[in-house]
Amino acid sequence: MKFSILVNEGPYTHQASDSAYQFAKAVLAKGHEIFRIFFYHDGVNNATRLTTPPQDDRNIVNRWSKLGEEHKLDMVVCVAAAQRRGIVDDGEAKRNGKDATNLAAGFRISGLGQLIEAGIQSDRIVVFGD
Amino acid sequence: MLNIVNKSPLERNALQSCIETGTGGAILLIEDGVYAVARGNSFEPTLKAAMGKFKVYALAPDLEARGIADRVMDGVTAVDYGGFVDLVAEYKSSQSWL
Amino acid sequence: MSDIKKFMFVNRKAPYGTIYALESLEVVLIAAAFEQDVSLAFMDDGVYQIKKGHQTKGIEVKGFEKTYGALEDYDVTKLYVDAESLAARGLTADDLTVPVEVMSRAELGKMMEEQDVLLSF
Amino acid sequence: MLNIVNKSPLERNALQSCIETGTGGAILLIEDGVYAVARGNSFEPTLKAAMGKFKVYALAPDLEARGIADRVMDGVTAVDYGGFVDLVAEYKSSQSWL
Amino acid sequence: MSDIKKFMFVNRKAPYGTIYALESLEVVLIAAAFEQDVSLAFMDDGVYQIKKGHQTKGIEVKGFEKTYGALEDYDVTKLYVDAESLAARGLTADDLTVPVEVMSRAELGKMMEEQDVLLSF
Amino acid sequence: MKFSILVNEGPYTHQASDSAYQFAKAVLAKGHEIFRIFFYHDGVNNATRLTTPPQDDRNIVNRWSKLGEEHKLDMVVCVAAAQRRGIVDDGEAKRNGKDATNLAAGFRISGLGQLIEAGIQSDRIVVFGD
């Protein structure tokens, strides 16, 4: 079955991001396909490569990047939400005159249409939020 | 429909609304939502009454994290993340009561 | 035709205290552009989103009451409101900024059951 | 003490807890907390009863943003941000019921 | 002496669902290092923070139950718990991971009134 | 009177940051002093210079920077919370091996002791959060 996942909250503050990650792993373990993971609202903050969590805690951003790489997942960060919250890739930096970027490996920035498309193309979509 | 609730029923109205609105199917409690299934909490009678209409599940890893895995009320089925996936697959749609 | 799905946006949160109402609207407009069968449900504090008369100058936050009025231009006309949520807040349909269909919780629950995709924020 | 509440009483338990716990002083409702003072909401009787113990204030800009400035219940004083500052200064301490 | 203030940390949120409980503890430890008069209040879902037996392996989140036990080493011994919040959750003092003083809501309200600084997260 | 302000939530998602800003302006307008504004939890996200909010909306980060500059405010971002969430200045970048920084003008990163000190030194401290 084809699943998509929507993540509405950032790392650490709410468990939503942890739950979404565990759910994504379980989806793959069950042999299902993940069409897309979409990061919206504060969820875009899962995609900054600038975090340095305590050594004895999980690294939420890195494990998303790793899961994405291992399973070739399409992990999309909403551009409008990212602009409000300061998540930037090279293209966004150029367009908005920013002197730095922070997007982590494995994520891409795109529009909300990608969320609707995920809803259309997937058999199931599950929302994690506050 | 699979209803997913992640909030404590003693703090917010999400589970109450879900129970009043839903036509049936299942309720899966995750994150702080799992407190709803701890024996002796003041929401217990409401959840018990709802069991006539909904199958009630709770996410085991969230129960364990909160130290309440040993006080789950009767009629509730604990599932792991794999069971969560199976529930999503089983029902045509899911709604997260955020 | 097989690519048209029933999308329902379930709005349970008040406006301005958090951004969810505004960012939910942004998704609704996109869903409409994809020509999906879009409906909006307002319940609990979500009914406050469409309470008439937002004046946000004092909090210096962008108001978005008008966007609800513009939904019709995008052919989004299925706005369902939970009667019990209105009543608990001392509101009636006359207090709302857009025409809506007021229904009971049970009826709203049935509408939810018919959806393909339920998005909540 | 000045009690600051920023949550709707119909969604969360913050205002209820504040009312039950506080010994007196003032309650200032801000952000989504201002819905508590809108006439006809189901929490009105509880808030009315609490007025014997607390002075109740609501932040005018938040009332206006939500379109309820014209339906504030009797006994509630609307203040602007300057009035908010004055209240904080007037009471020895403040608590935000997050 | 005049620089010692009464700090109370008011904990009303459950652990793990959000980070507030953990990051509140981090502030408590710092406040103790500043040799302030520190107390913690647990009420509403905040009493779950000190419910015994957290096992967080399954959610892969760092557990912090032990930190409450370590508060004593930092001379933080004033832990107040609201009796009504415990009762509403079917809990008693025996269910808690640390020794606490259980009191009524009214008594807790009086303790709050005596504080110089009330921090909530 | 000497005020301090604690901001627990990030920009845009919760009104907490807006309320704190309006309150800070009013404190100054009333002739009081602001000892410190401390950003904790997701509040640290108020301090990223990488945001590009919609043109017709307020720019939360920039107006903090401007208020701070105009009134020489001490705006402190908690280092532990900032590390978890990816708010980085030059020193943090060096220490944690990060290839970019995002701290906005007018903010500085420091420890939680600064919050306790604010509680001790101020006549009043007001908390804005979720």
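Structural remarks
Lettered A, B, C, D, E and F in written order, each chain numbered from 1.
Definition applied: a residue touches a chain if its C-beta (ideal position, glycine included) is under 8 Å from a C-beta of that chain, and two chains touch if they have at least 3 such contacts.
The shown structure was predicted, so the numbers you read here are calculated from the model rather than taken from an experiment.
Centroid distances from subunit F, each centroid being the mean of CA atoms, peak for B. In terms of the distance between Cα centroids, subunit D is separated most widely from A.
Rotation angle for the C-alpha superposition of subunit A on subunit F: 180 degrees, rounded in steps of 5. One simple way to say how far apart two chains are is to compare their mean CA positions; for subunit B and subunit F this gives 38 Å. Subunit C and subunit E, compared by their mean Cα positions, are separated by 39 Å. Centre-to-centre, using mean CA coordinates, subunit C is 27 Å away from subunit D. Residues of subunit B in contact with at least two other chains: 6, 10-11, 13, 31-32, 61, 80, 93-94, 96, 98. Counting partner chains per residue, subunit F has residues 8, 12-13, 15, 19, 22, 41, 54, 80, 125, 127, 129 touching two or more of them. Among the residues of subunit C, those in touch with two or more other chains are 13, 16-20, 44, 59, 61, 116-118, 120-121.
Chain pairs that touch one another, listed by label: A-B, A-C, A-E, A-F, B-C, B-D, B-E, C-D, C-F, D-E, D-F, E-F. Subunit B makes touch with subunit C in their complex at residues 1, 13-14, 17, 20-23, 25, 92-98. Considering their complex, residues 10-13 of subunit D touch subunit B. Here subunit C touches subunit A in the complex through residues 3, 5, 7, 19-20, 23, 26-27, 30-31, 33-34, 36, 116-121, going by the rule given at the top. Within the complex formed with subunit E, the residues of subunit A that make contact are 12-15, 18-19, 22, 54, 56-58. Interface of subunit C with subunit F (complex): residues 16-19, 59-62.
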